[in-house]
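Read through the structures below before going on.
What follows is chain A paired twice: with chain B in the first complex and chain C in the second.
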Partner chain A sequence: MTPLTSRAWPQRLGYVLLAAVLLFALAGPLLWPDYAGQQLMRFLETPSLAEPLGRDQLGRSVIARLASAARLSLWLAGLCVLSAALLGCLLGVLSAWRGGWTDTVLRGLADGVLALPGLLIVLIFSAMAQGGFLTLYIGLALAQWVEYFRMTRARSRLLLASPHVEASRLLGFGPAHIVRRHLWPELAPMLLTMMSFGLATAILALSTLGFVGVGIQPPMPELGLMMTEALPHYSEAPQLLLAPVAVLALTLAALVLLRPLEVNP
Partner chain B sequence: MSTIHLHGLTVYQQQRCLLDPLDLGLHPGEALTVLGESGSGKSLLAHAIMGTLPAGLRAEGELRTDGRRYPLHDAANRRHLWGELLAILPQEPVTALDPTMRVLPQVAEGWRGDGHLARDAARRRLDSLGLQAAEHHYPHQLSGGMAQRVAFAAATLGGARLLLADEPSKGLDSAACDTLRRLLQQHLDSGQCLLTITHDIALARALGGQVLVMQGGEVVEHGPASRILSRPAHPYTQALLAAEPQAWPAIAHPAAGDWLLQGRGLAKAYGSQQLFRDVDIDLAAGERVALLAASGAGKSTLGNMLLGLTRADHGSVRYRDGLPRTAWQKLYQDPVQAFAPRVPLHTALHDVLKRCGQPWSALEALLHRLKLGPALLQRLPSQVSGGELQRLALIRTLLLRPALLFADEPTSRLDPLTQRDTVHCLLDELGRIGCALLLVTHDAALADKATARRIRL
Partner chain C sequence: MDRARQRALARICGQRLLQAAIVSLLVAALCFLLVQQLPGDMAFRIAAGRYGYDYVDAAAADAVRQELGLARPAWQQFAGWLGQLAQLQLGQSLVSGGAVLAEIAHHLGATLQLAAASVALALGVGLPLGLASGLAPGGWADRLTLGYSVLLRALPPFLLGLMLILALSVQLGWAPAAGHGEGGNLLLPALTLGLGLSGLTARIVRDSVLAVVRADYYRFARSKGLAPWRVFLRHGLRNIGVTVVAYAGVQLILLIEGVVVVESLFAWPGVGHALVHAIFWRDVPMIQGCTLLLAWLFVLMNTATDLLCLAIDPRGPAES
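== the complex of A and B ==
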């Protein structure tokens, strides 16, 4: 791991931003645990020291809701990306390794999924079971695994045909060694870059679904959902809308900045 | 056309000087050849001039031409001269070519100007190099010799005034070497400058001009080729000349034992191109056999077929029973491609030791015998010179105690001194464990000395 100081400034900024968002998502719910309690008498209360972002139209603490929403977005998106990457990589390596029928079937499946817009897949799954975590997770992971599959398969095919893999096979090494020493070191840097982008896509997809009302259901706080709820009150309390937008924008910016400027050969 | 001068060219790694200060004058039409063994910093010279030194290395000095000065410490200031003034014919052409581009468009990229003219020029250049048939091939479909010629075509198409040829004859058969010599000579005759970095004494002799002999980053002898290559003054130059295979004393070979492998009626074609047919081959335990053929004739393919790596179109191979799969080993023509690129050598060799249950001391003994320092193992394969890496590849196969070693041009990339040491080490070690050798080479003199029997394909 390269020390932080030797990295380019965009990456450093990315790490700092991501750390800030993570800190907020992890510590926020502990500091402001009550995200559901309504105090209708205090609706649209202006920000104060105790409530840095004021209260919403139902008198709920905005900062508590925001922290909880950020935590939800991050862990659900993280889970989706990890599952998609794992599934995509396993199938990609399998496809490159076995070739023949396995490859044809898997490639056909991947192309089929790719032909559908990602958000549509998630929408179909969400519509099947309103707002459940599980369906959202399955939908997002299924929409994302294809890119990992395609990348891993293409790269692995080249690597598996190379003289260094042939040499390792002659030396008597099995599949585990070839994956560990030949495939993984080549795939890992690309996977990390793809995963940071994938995380951004998943977070955006989650809030998009929340915004159109098919994602996480109220009263559970979610960034997109918070935006929809805040829209009618924009003129009286703009912070209600701006706060989730800012958290979303900062998270996405951090993830985009994280990627290496160029992948080292 | 004016002379290109290099003043005080030095290469440093932090404070350590890898290449001592060097003043060179490159005159149009006169070859300058740098001779030396692997690891003597020859290649650094070319990269320092181009401005393509690996990260962590730093050049000093300056390049002067046409009244302009280019300080060498700033690698970027010569980038706009690439193709026009400076061109490099890189080492390891197979890795230097773009694997996703066909030969013709790849060569045409070197032309500055109209795309149509570029393709015509590229086609003419490929024809003159005998590569008409390969125009639409991808680099992985080319033999080492063909890839070298493609790289030559790509490097010279732009008409650069100074061509830096880094080990250009490495891995070429004698016919292709003659072609290369003629091409380099033509390049000189057209009034351009040529700096050749090589360990091929025959090439240096053919090009003539000035010769510079390097040892460990230091110039030990400098003068006209005719004098240095016939009456060398420095002991190192004398040793270098004596290390050519022609000058080796005869080597005693062990007698052939029981049969090991039988190939019958082997044939292989790639598409419409028939490489060979009806080849019968017998190898016996402990035997040393050379396989000689022109580049692109399928020597490597035949060897791979015997190891079971390539399927034969016709015919079959029988192996002696009771030998493990790891008894059939291969030494690659290009060692860089035979190691996982991102795994340190230490780890790679440790894995092999663990696999075959040998102690670390077995490796240390081999390293010592092949004159390799243990510090080398901390590096990645790409950070080690070709000669050192080939010796490490040899060590890697020796650890498995093979019954047959198929060596595919194993020393064609090594300088004469290292080649002699490596071949002697190889033969000693193989003799020690009674391993047979199938040596693919284009060097008849080497085949004569290193093997007891020769097969022509």
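== the complex of A and C ==
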């Protein structure tokens, strides 16, 4: 890793923003743990020192819900991206290594999945989920593994055919050594870039589902769901809507800024 | 048309057909899985649908089970499911009772209208921005485009739509927030989807213009004394076009996903709206029909992209 100060300012800004969101998602639920308690007498209460964002239409603490929603988005999206990357890389290396039938079948499957925009896969799974985490998680991970598969397969094929790997094989090193010494160092940097991109996609998909109303179900707080719930009360309490919008936009902006912006400067 | 060209054409069509077949199989499998894990006894439900809830007993459910072969092992049922799909029998909507095929055909027009309007808008905004920034990298237009595209990347379609509703509809009252059939109704959904796409379009155009302008053949054409606009028309346009069209495939994903989100946000009666509502009601035949249609539309547009690339660049795509 290059030190933070030697990076371009957009990337530094990205790290700072991401750190702020992470801090909020990790520390927020500890500071304001009660996201579900309703106090109907205090509905749409204006912001105060104890409740920086006021209370919502059911008298629930908005900041507690927001922190809990941010934590949910981040860990669920992170889990999905990690699983998708793991699955994609394993299958990609397998496909490049074995060739033949394995390669043909896996590539056909990947082509088929590619013809289905990710959100559609997630939508079908959300019909099965009925608000459950597990099915949403499987859907999100299955929607993303193909990118990793294609990248790993394409790179690994080139690498596995290279003289370095041939030499390693002739020296008697096994698959584990070849993967660790030859494939991993080449694949890792690209994987990191793809994962920051995938994280944004997963967070976005999750909040989109919540917003449309087919993702995480109430009373669980979720960013998109909070926006839908806040919409009717916009004129009385705009902070109800603007707070989750700000958290989502800042998270996505941070992840966009992390990547190098100039494709060819 | 020469031999190589024909072969490239056949390869593209063959690959895309295969892709369409695989994706149909995938969607069918997912929807079959969805039916299998729905709670309750399917035979009872179908019997209730036929005879009314008051007249169903175990005997009627058993009769239905026998008739439809619901007691068969899952793989045999799946084969039957695929057989129906192969004959394009998409079944009936569980909610409205209408044939899925007719319902989707009804929604398709609205979706295509929205998609065409947004793509036109995205090109109208993205092309000039991308050209201006690609021809003068580092200039003010370039910085503006960079900021614009980052901003739009951080603003997912539904947030952008929300902001447009709040700004144009609630505060200014310029356009209706939802609905269909009147003149102004298309404005907000098309603006949401089109602006969302235009950021990426501008970036792609900018990068491909820059790559061409910096290429040796382009610099040579300039240095042999051709006028800048002539160099651009003669050597630039086609080479830029092929990259931009090739990247349109990536944008199509955004377009299809955007259609689903934007339609449900603005209650635009298209396929995406129908899909989300089918998911609300667990209306599996509708879910399958809408997903299949969107997937086929996606494959079809990708095929068109490939063919267009081939037409622009007769050398064909570089073999990877």
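By our rule, the second predicted complex is superposed on the first by the 259 of 265 C-alpha atoms of A that agree within 3 Å, B and C clash if a C-alpha of one lies under 4 Å from a C-alpha of the other, contacts with A are read in each partner's own complex, and residues count from 1 in each chain.
The rule is simple: a contact is a pair of C-beta atoms (placed from the backbone, for glycine too) under 8 Å apart; a residue touches a chain by one contact, two chains touch by 3 or more.
Since the structure is predicted, the reported quantities are computational estimates derived from the model, not experimental observations.
**Q** Tell me which of chain B and chain C touches more residues of chain A.
**A** C
**Q** Just to be sure I read the superposition right, which of the two partners does A:186 touch: chain B = first, chain C = second, or both, or neither?
**A** In the superposition, A:186 contacts chain B only.
**Q** Going by the contact rule set out at the top, does A:156 touch chain B (first), chain C (second), both, or neither?
**A** Neither partner.
**Q** Check the residue A:171 against both partner chains and state whether it touches chain B (first), chain C (second), both, or neither.
**A** After superposition on chain A, A:171 lies in contact with chain B alone.
**Q** Given the touch rule stated above, what does A:111 touch, chain B (first), chain C (second), both, or neither?
**A** The answer is second: A:111 touches chain C but not chain B.
**Q** Would you sort A:196 into first (chain B), second (chain C), both or neither based on which partner it touches?
**A** A:196 contacts neither chain B nor chain C.
**Q** So, does A:214 touch the first partner chain B, the second partner chain C, both, or neither?
**A** Touch status of A:214: second partner only.
**Q** Hey, which residues of chain A end up touching chain B in the complex?
**A** 162-164, 166-168, 170-173, 177, 181-182, 185-186
**Q** Over in the complex, which chain C residues touch chain A? Could you list them?
**A** By the definition above, chain C touches chain A via 15, 18-20, 22-23, 25-27, 30-31, 33-34, 37, 137, 146, 150, 153-159, 162, 166, 170, 203, 207, 210-211, 253, 256-257, 260-261, 264-265, 275-276, 279-280, 282, 284, 287, 291, 294-295, 298-299, 302, 320.
**Q** Quick one: in the complex, what on chain A touches chain C?
**A** 10, 108-109, 111-121, 123-128, 154, 204, 207-208, 211-214, 224, 227, 231, 234, 241, 245, 248-250, 252-253, 256-257, 261, 263-265
**Q** Which stretch or stretches of chain B touch chain A in the complex?
**A** 307, 309, 324-326, 328-330, 332, 334, 337-343, 347-348, 351-352, 355-356, 393, 396-397, 400
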